[in-house]
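In structure tokens below, several structures.
What follows is subunit A paired twice: with subunit B in the first complex and subunit C in the second.
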Partner chain A sequence: MSKKVGVYICKGCGIGDSLDIEKLAGLPEEEYSIDTVKIHEAFCTKEGVDLIKDDIANGVNAVVIAACSPRVNYDVFDFGVDKIVERVNLREQVAWSHAPKDEDTQMLAEDNLRMGIVKANASEPPVPFKAEEDYSGKLLVVGGGLAGMTAALEAAKAGYEVILVEKEAKLGGFLNKCKQRVTFPYKELTPTGIEDMAAEVSANPNIKVYTSAKVDEISGGPCLFNLKISQNGTQITEKVGSIIQATGWVPYDAKKLPHLGYGRFKDVVTNVEFEEMAKEGKIRRPSDGGEVKTALFIQCAGSRDPEHLPYCSSVCCLVSLKQATYLKEQDPEAVSYILYKDMRTIAQAEDFYRKAQRDGNIFIRGSVEAVGDEGGKLYVAGYDELLGEKIKIEGIDLVVLAVGMVPASKPEAVPKIKAPEGAPGADSEGMIEVAADSGFFANRTLNLLYRQGPELPTLRYGFPDSHFICFPYETRRTGIYTAGCIRRPMESYQAEEDAVGAAMKAIQCIELTMRGMAVHPRAGDMSYPEFFMQRCTQCKRCTEECPFGAINEDEKANPLPQPTRCRRCGVCMGACPERIISFKNYSVPMIGDMIKAIHVPEEDEGKPRVVALICENDAYPALDMAGIKRMSWSPYIRFIPVRCLGSVNLVWIADSLSRGIDGIILLGCRHGDDYQCHFIKGSELANVRLSKVAETLQRLALESDRVRYVEIGIADYHKLPGILDDFMKVIENVGPNPYKGW
Partner chain B sequence: MADPKKKGKAEGPVSYDPSFSKEVFEKVDYGEKIKMCMQCGVCAASCPLSMVMDYSPRKIFALIRAGKRSEVLSSKAIMLCTSCYSCKVRCPRKVPVVDVMHGLANYALKQGYVPREETALFGREFWKQILRLGRIDEKDLPRRYFFSKGIIPGIKKSMELADMGIVLMLHKRMKLLPERSVKGIKELRKMLEKASAMGNGGA
Partner chain C sequence: MGDGKITQTILVVGGGISGLTAALEAAEAGHEVIIVEKNPYLGGKVTQLYQYFPKLCPPNCGLEINFKRIRSNPRIRFFTMAQLAGVSGSPGDFEVQIKISPRYVNERCTCCGECAKVCETEIPNPFNFGLDKIKAAYLPHEFAFPMRYVIDPSIVGTEEGKRVAEACSYGAIDLGMKEETLTLKAGTIIWAAGWEPYEASKIEYYGFGVYPNVINNIMMERLASPVGPTGGKILRPSDKKEAKRVAFVQCAGSRDENHLAYCSSICCLASLKQANYLMETSPEAAATIFFIDIRAMDRLEDFYTMIKANDRIRFIKSKIAMITEDEATHDLLVEGENTQTGEQVRERFDLVVLATGMAPNKVPEWLLPYVGLDEYGFVINNGSNKGVFGAGCVRRPSDVATSVQDSTAAALKAIQTIVRR
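Presenting the complex of A and B:
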């Protein structure tokens, strides 16, 4: 597109007091021959915006606004998708955080403006992706329990067609086994209501139900998912836009708990067995069918135990309270002991705990040492923490183990796949254990035809990975959302809420994809990676490193990008050694040009230059925040926002250093088990790649101290100036880059 | 807090006996309220006397739950409660701890558990004075109490606390002259008699 750039420099919010605006306004013309340059007291006012609009009417199609942070006023400075808008931050990161009317501050503003102009010059307006194939706006829900049915009903109510696949012959899932529920507002036992819900689902014209069915295969991506479903030996094909996996949980295997008497005594049962007994009619002693006068519930049976289930399932406390209530209702004289580590009744479920106390159940905080049999009755020996003494409770008719929830996705043993040749760790048959965070780990449910494996990558305990705090329903496969106990252990009310959330995300995915837009976290972004395939060397880095499995591969290892699966993180762009992956408005040469636009003063001026590649998701807002708080840092640092640290191509580091930049700092989100990276693997990959940069530095005969990687959370903004100044000290110590002036 | 091991540590493990809880729920004033106790310990932390009690209020409730009847009914703790109300105000489960403590003390007396000699003596002297004056004479009550065990220990105790007495006098908390009875002492006596005839409350 032929480009006409206009530059708009704002004097408002203190920018005018800090900088020599007239001088700054001379720069575009002088250095880039741009003749449309305007200054205004406040461009965000109607008058200011109209000024820009007038220029647009006269042919300007790339607008560089040197004013506030791009994180504010984006709605004010929206001139339509076909216009390029580049925001140069002169407020938070210049005027508010650096000495006014100072030479270094002015130089900082100038460099920021240069980088903005260069970027606008290199950008093209994105053209939304549209596949040739027809798009589907249906949803697939896998799993017909409470969460799955809720999701299906919600989506159907919103007017979307839903396909529901359930492996059992009957809809309902775990609640089919339950006598009653205790759920919000957690006052009394209530009917499960699951049969009514199943009937409602079956009767809904927008929902097509396949029971006794399973998903054999899924290929494609959002709006293009092609399914093969098998039911009673026949295969059905369907096409959907997005998917909700609500495949639930299984109880922790009590056979692994012989120390609690399971398997040794007939009258030791799990909470699931107790529930089934209650549902069938009467709670009895399994050994002789006798009355249950005294029951004892052992909480955290296997849970919160590093040997078994290390986490808290958050529901079994409430379940035991419910089951003790069943017993009280059956026989008001019966006594229930509840032996707990902590009573964890989530949210208002505390109310039900109070009810169970009022009913006269006996709560003991402590631990179990032995479960045994004495004259036909059981006893439980242990330690009462609040009494500070050993206890032995005798004459028990029934011991109930409150076992926790294991995600249905978690395999019994770590699966193995055929190892690539020469891979370390392969067994004698050439098989190798798959990584828990790979798509090969989980039990088969979706059978995705993805290069990165058939299932959702999981987290440590076998739950599908999601950005737990910020984007809980998003998995690492775009357009596939999890809801209910497959996502994390939860109570039924929460599972319903979860399903509503996941249904909303699934609908959003369809709507955005149809418009050629990205989903969370770059929702609405219309750019997508394009591959210049002629130069591809089939190195497989992009296909392996894409955190969302968005790139398939043909037999010859050519990458086959699936743009509707893409989150636009740019990790592939950072990975590609041939630098052939680029977005219309984000590419390797573009950032390279921005780096080149920075004026590097001569060595004798004593003004070092550092490039900071800063993640736009957390680190950049943190820096803005520091500016808003009027904190200050070295004016020698030039910040270049990146989509994700994972999109940082190592060539930028070489580019910078060979141009005389003295140091480079990468600022991004935390990685690891408790990662904060919005693209899950981005900052981790950046860290790995950076460990290899030493080579580049060696080749250039430079000190490795010149490159630093820092993880920072948005709430840690107050630490940022210190981190930056600390790095500047290091750079001053290692001295100027010898490549200056080359 | 006093060492709980000193007292009530039975041989072998404790076997929970719900019958005492039942007894407390049914027979002790406010006893049923302790069903709601979740053993958080806020009452124990709030109680100004828990350091001299053998069991904190929380522990008393744990003992009731475990069925330790004699430990509870013979405990010093239930007699020491001074009705400061801190526990009752703070208990997140709305257990009226102070009322339960008094309920338990009252029940213990009825069950024939005699309080420690000093406690009983102090209580008797206290009530005598209330009946006589309608108020407490801050010199007279301690004097009677100190000297109840003989002249020598009485003088000793008085000497020990002489400084405090002086401070109290300087702050006009204690008068040199004997207290006079309150106005309407006769009516007050009638009220107290009637209350005791109703047989409720009071340790």
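Presenting the complex of A and C:
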């Protein structure tokens, strides 16, 4: 679009006292031939906003407001999506944090203004993406158990069409095996209700059910997912907008627990086998069909055990309480022992624990040492923590192992790949174990035709759960959400609730995608990356590094971007060595031009310059807060917020250094196991890429100290001045960049 | 539904993590939402937490994203210092009264801070539970959203109040503001009013409110925060000395039929996390956690495993019977039976943190025709709701991830009420 830029410099909140505003106001015209420049005591007031609106009425379409942080007054300075609004921070990051009426403060403000003008000039209003294909607003639910059926019903109630695919002949999932449920309000056992629910699903006109079916293939992206479903030897095609995976769990394999007697004694059963027996009619001793007068439940059979499942399976305590209740109902004289580590019945479920105690079940806190048989009955030897002594419980008819939950997606064996030459840890066949989190190794369910693997990447232990506390439905594949026990071990009540939320997210993804908008965490963003393919060298970096697997490849390794899968983080833009990936309002040349807009003083002036590329989500607000607290830091640093550090293209570093900038600091989010990057790998990728800058520096005969990466959390603002000043000391020590003035 | 018209607005009561989530999830799916929040800022209890378990990450990180979502979404409006004061009508066609308390500061506030400079009166800082003081013209905290000052009523009508008002060059201070009540239409209501820590003074034998060095777990969050009242040092309230020996008393009120019969779900993990805060303050610091069961569900077990590996953190299975104070030192004597050894515990601590449970904020009588409660006052969402749904800790005690999950679900329940089918 043809630009008419207006610059608005605010004097409020101490900016006018800190800076020579008249001088600053001369800059746009002198350097950028911008003749619309206004000064006001407070642009956020009605009078101030009206000034801007008048100019917009007279043709200004790019507004540069040099005032407070963009984190405030966002609503006041909203002039519609077709106008470019660039906020230059002169308040928190200049007037409130630097010496007033100081030459260096003035220079800082000038550079900030230059960068803002350059950015506004380089920005275009985003045009929402719309594929040529028809969009689908249907949901696919994979898995017809409690969670899957709940998701389907709830979405249908909100008016959405659903396709439900279940691998078994009958809907219902695990609850089909159950006699009863223990659920809110946790007072008594209740019917599972699963058959009624299955009937309701089957009868719902908005839900199309495929049983004895599986998903053979999924291609495309949100609103454009093309499915191949096979059922009874025929293949059906469908198109959906978003996907919920609710494929549940499998019990931990009790054959791995011979020390608890499983496989050695017929009367040692799992909680699943016990449940099936109860549902069939009578709880008996499998060995001889005899009466069960005494049962002993071993909790955490495999769970909370580093040798088996290190995590807690969450439901087994409540399940054993339920099963002890079955036995009590079958035979009021029967006795159940429950041997546990910690009784974990959270929230209102505590009521059921109290009931089980009242019922006369015997609870022993301790551990098992041996299970054996004596005279046709079993015994369990162990340690009773409360008595502080060894115990042996004899005359047991049935031992029940409370085995835990394994996500259905988790492969039986640890995946192995051919080890690279000389890799440590390779086995005799040259194979090496790999982390199962890539989506390549999970049991097949979705069969995504994605460059980065056919299934959802998982966290530790194989759960494709969210890594984020605040955003528990986030997965690493856009428009695909998980619900129920595939996500993490949870009781049936929680699985139902979880499925409702997953349905909400799946619906929301459809609604946003239909409008050409991104989903979380840049929900509503209408910009998306465009690829200038003529210059692509098929290096595959973008397809490999996209944290969301949004980019496919053709057979010649050309990237095939799928914009509806894109989260708009810009990691591809940062990855691309040819710099062919750009957003309408965010691009490599744009930031490059901002860096070039910084005035670099001559060496003899003794005023170094540092560029700080900072995460706009965490480091930028932290800097604002330091300003609000009137903390202070070196005025020689120029801050450029980026969508994610993963979008930092190394050319910016080369640009900076070749222009005489003395140092570059990247401020980004924590990475590693407990990463905080909202785009999963952005900050980690930035760090990895930066480690490769050393070569560039050597080539330019520059010191590697000039470039630094620092992790900073949003709450660490009190540390920021120290971090920045430390870096400035390093820069002073290495001395001026010899490329100054070139 | 009256004339058959369905009001499309979703009203969310409570702007904490649950309310924010419910509002945002609905708004991003294309619905109009109004949030009503009683504090002068959004974010609720989590704004006061130092870190989340198990990642030990700052709550403001996710809040910033949520605030950014609000900033970029014109479908969300919010009122702060506001409470739902009445509801009438039926699902799809509610009329709601919203009572707004005077902030004495209007939207012209630029947050420049000149008012606070001339203000001399100090009030106990509500954000820090009174552990320090703040000017009577104040920004609730540096991360406050919306970023706008508040004038405490104590200086309204005084000479000082006038001086404070005059210090504002933007005309943002309006000492004549009165409480007002707005009447709005809403199609459905999400009740996300959150929780309060159980009033620990009701557990008389623990001495909360009597002995200064017995605090609750949410106060501990402020003490641990590097930007809190003590700069992140765990200082005893009595003498501001650094606490080295700290006891965590689990189930303070919870799992106790005389207080809260249910389990509050989060207190185990909260104490594990807070013991970790303590470890970071000093190599000499030591924590003792008195517990009944440690309830670290699912993958949270990993966090428990990590904390257990620290030999400066002891776990003693005991329901503490009594806490008394050594009057001379203000040290605390914690007594109970170690149920693992059968021995009596009687130990001296610098500071006792009561892992107080979660009590749901009370649902007003006039809302009860639309929504059911369980015996503990938690909201039930079970299909009998009449256009009003609970979200988050009003439904059951839960951690942040579970509250967010539950609130996302509540958003869909609300949408189902107003959707045109």
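Here is the rule we go by: the second predicted complex is superposed on the first by the 716 of 742 C-alpha atoms of A that agree within 3 Å, B and C clash if a C-alpha of one lies under 4 Å from a C-alpha of the other, contacts with A are read in each partner's own complex, and residues count from 1 in each chain.
Quick note on the criterion: contacts are C-beta pairs under 8 Å (C-beta built on N, C-alpha and C of every residue); 3 or more make two chains touch, one makes a residue touch a chain.
Because the structure is a prediction, the values reported are computed rather than measured.
J.: Would subunit B and subunit C fit next to each other on subunit A once aligned, or clash?
T.: Clash: subunit B and subunit C overlap once superposed on subunit A.
J.: Which of the two partners, first being subunit B and second being subunit C, lies in contact with A:Glu217: first, second, both, or neither?
T.: In the superposed model, A:Glu217 contacts neither subunit B nor subunit C.
J.: Is A:Leu386 contacted by the first partner subunit B, the second partner subunit C, both or neither?
T.: The answer is both, since A:Leu386 touches subunit B and subunit C.
J.: In the three-chain superposition, say which chain, subunit B or subunit C, touches more residues of subunit A.
T.: Touching more of subunit A: C.
J.: So, A:Asp305: does it touch subunit B (first), subunit C (second), both, or neither?
T.: A:Asp305 contacts neither subunit B nor subunit C.
J.: Contact-wise, after the overlay, does A:Glu394 reach subunit B, subunit C, both or neither (first, second, both, neither)?
T.: First partner only.
J.: Touch check for A:Ile364: first (subunit B), second (subunit C), both, or neither?
T.: Only subunit B; A:Ile364 stays clear of subunit C.
J.: Check whether A:Met343 is in contact with subunit B, with subunit C, with both or with neither, and answer first, second, both or neither.
T.: both
J.: If we overlay the two complexes on their shared chain A, which of subunit B and subunit C does A:Glu578 touch? Say first, second, both or neither.
T.: The answer is neither, since A:Glu578 touches no partner chain.
J.: Should A:Val335 be classified as contacting the first partner (subunit B), the second (subunit C), both, or neither?
T.: A:Val335 sits against subunit B, while subunit C stays out of touch.
J.: In the superposed model, only one of 3-11, 21-29, 39-47 or 111-119 in subunit B has C-alpha atoms clashing with subunit C. Which one?
T.: After superposing on chain A, the clashing stretch of subunit B is 39-47.
J.: Quick check on my understanding: which residues of subunit A belong to both its subunit B contact set and its subunit C contact set?
T.: Comparing the two interfaces on subunit A, one with subunit B and one with subunit C, the shared residues are 343, 354, 365, 386, 388.
J.: Okay, in this complex, where on subunit B does subunit A touch?
T.: Residues 4, 9, 12-16, 18, 21, 25, 35-39, 58-59, 62-63, 65-66, 93 of subunit B touch subunit A in their complex.
J.: Considering the complex alone, what residue numbers of subunit A touch subunit C?
T.: 12-14, 41-42, 44-45, 68, 71-72, 74-75, 78, 154-155, 157-159, 184-185, 304, 310-314, 342-351, 354, 365, 385-386, 388, 459-461, 463, 465-466, 468-473, 488-490, 494, 497-498, 500-501, 503-505, 507-508, 511-512, 515, 519-521, 523-525, 617-618, 621, 625, 628-629, 669-670, 674, 676, 678, 713-718
J.: List the residues on subunit A that touch subunit B in their complex, please.
T.: For subunit A paired with subunit B, touching residues are 335, 337, 343, 353-354, 357-358, 360, 362-365, 381, 384, 386-394.
J.: Tell me, which parts of subunit C touch subunit A in their complex?
T.: 17, 24-25, 28-30, 50, 52, 55-69, 71-74, 108, 110-112, 139, 142-143, 146-147, 169-170, 225-227, 255, 261-265, 293-302, 305, 317, 339-342, 374-376, 378, 380, 382, 396-402, 404-409, 411-413, 415-416, 419-421
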